[in-house]
């Protein structure tokens, strides 16, 4: 059997990704996670001295903390299998990527294991976040300098 | 290449040790020991994998009233870096040892080498087999086990299991190795690490075809042709390939797959089981028992292996696959 | 509907839509989660450069701060604020001042989790 | 945990449902006309859902909740209002905020009777509103 022939046979038999259902799940779970975040935001604004501008930081930190607990107790894996991007795209997904890699590195010690494995999955997010922040700011600065745009 | 064993080395005994989750396997009654802890109270998953192997070898020694000095060779492998769990288990057993890597096809390639050594007269007793441990393998090849990634329906679950057999000189009333085919490496350009069945099916097809042709046999000559860990979808693809090549519909039911059947219809495991321990446990546990009970007279065991590494995958290489087959008969 | 109830609804819809885009990147474009998240972070940074992300946060609250796109936003925001104040020097100093609470939180909690937990690998 | 979240969100929704005037004001000033004029202006603005107005001595503090789709232009609306009020009442220290925190705290503040304490809290709020991160 030729390679092309085989690949069309394989595609025929392999079940298709249920795109509509996956998207719906991602939307619902992602939305719910954001609602939890919103509730935490309101909590911080009502009982602590945070404004809408400053409440983002403690909210994100709290969400990552929740992600740590869910990951540690083995629940985030199940959520991820169900929700796909719905649990991967919120910061809890970033937290899960860091925490799961850190837990796994434990057997190699805190320096060689936890330290160097922690950003195995999430490192690229930080890399592209910082690099794109630099280039966006650079471009903006150039545009402002030549008078095309304003801050 | 097909090897025909004139001396018909026998499979004298077997030892299968599995982890706690494998209690849910449909084959669980054929396992010698089900551990309640996949790490065997050790600190790391890799040590747990080594313990799986040690325990399986000890089971064989106990069952056949031998001690480690009676064993001439240990042949085996696993899926962790440089097969360290098997290396460490071999250190405990203290016998001549060759580590083998054919990914999940190691379960059969090790028995082939053991049979060759026996045929040569170099070995009276050889232990051969393979193992895998879920946590250590997932970590090695995919993501951390607690990472919440979404797996497609084609993904398979690496089992925690070690399956080893004792190969020795021919003895009556025991299953024996009659012939074997060492497979070629086949690569049809698959790149999806969550669809191993689809990548490995062509290798299984090629090896089975080669074996039947060289041995002048047909599918009908076997009670069962059992592949290693193609999974539910991979098995469907393999059956479709044989249907296209002209195998009659009623004979297609002779194709079975250890990975597809391992966890039954449990959807939590998606397309079924995988890993070197999957085929090793089913072959040396379930299959040998079927021979002893007289249900089967001749089977072809075809273990499939995906020869990728995390590095090769990240560098954009396709997944080369292989399949090794042994023909086992009785009576 | 009350203002607060509506805030939750908007957070749900906007946050859900960002996740839906992520799912499409994974299922249709066949990207790995790592690629998907990296793209979303870059998109967040660009949107902040266009002064759109702050408005989105004003509008959607946690619906915009919880998805990973807000990383790109908060990093770019720090750098841009410095650049606005100090010009070209600010571009450099700003880069070393940028922070994201999510990153520090993940580092800290990841470390704590490593001390407490063991990898599970249970199917359910 | 889910139960707690559900209860909290229900509380929040209920809290937002109470019947109150669109603009509530609290004034400790002789110039009642000023206060009424601002109240009228606030009521006329369609972008505003609810607003609190505090006039204490020379302090003029407006905390408002915008309609959902007006939140996009929050900064602009805040600036416009600040400018509008500063032009009109040039002697006052004008503060305008559409922040939920400001609205929430000023609602609580209006029940405070002690003027000194109130001024102190108002200054604390103003400081909080200026924080960037």
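Letters A, B, C and D mark the chains as written, and numbering starts fresh at 1 in each.
In this section, a contact is a pair of C-beta atoms (placed from the backbone, for glycine too) under 8 Å apart; a residue touches a chain by one contact, two chains touch by 3 or more.
This one's a predicted model, so the numbers in the text were calculated from it and none came from an experiment.
The chain pair C-D and the chain pair A-C differ in C-beta contact count, and the higher one is A-C.
In this view the innermost chain, defined by its CA centroid being closest to the centroid of all protein CA atoms, is A. Ranked by distance of CA centroids from chain B, the top chain is D.
Once the centre of each chain is set as its mean CA position, chain C and chain D turn out to be 29 Å apart.
One finds 8 Å separating the Cα centroids of chain A and chain C. Per-chain Cα centroids separate chain B from chain D by 71 Å.
With centres taken as mean Cα positions, chain B sits 37 Å from chain A. Under the contact definition stated at the top, the residues of chain C that touch 2 or more other chains are 4, 7-8, 26, 33, 58, 119-122, 124. Residue numbers of chain B whose C-beta contacts span two or more other chains: 45, 139, 144-146, 149-150.
Among the residues of chain A, those in touch with two or more other chains are 17, 22, 35, 39, 42, 52, 57, 71-72, 74, 77-78, 83-85, 88, 93, 97, 99-101, 103-104, 121.
Taken in their complex, chain C has these residues touching chain D: 2-8, 10, 54-56, 58-59, 81. On chain C, the positions that touch chain B within their shared complex are 26, 33, 119-124. Of all residues in chain A, those touching chain B in their complex are 1, 3, 6-7, 9-10, 13-15, 17, 22, 71-72, 74, 76-85, 87-88, 93, 96-97, 99-101, 103-104, 107, 120-121. Taken together, the chain B residues at the contact with chain C in this complex read 21, 38, 45, 134-135, 138-139, 144-146, 149-150, 157, 268-269. The part of chain C that touches chain A in the complex is made up of residues 4, 7-8, 11-28, 33-34, 36-38, 40-42, 44-46, 48-49, 57-58, 61-63, 65-68, 70-72, 74-76, 78-80, 83-84, 87-88, 91, 94-95, 98, 100-107, 109-122, 124.
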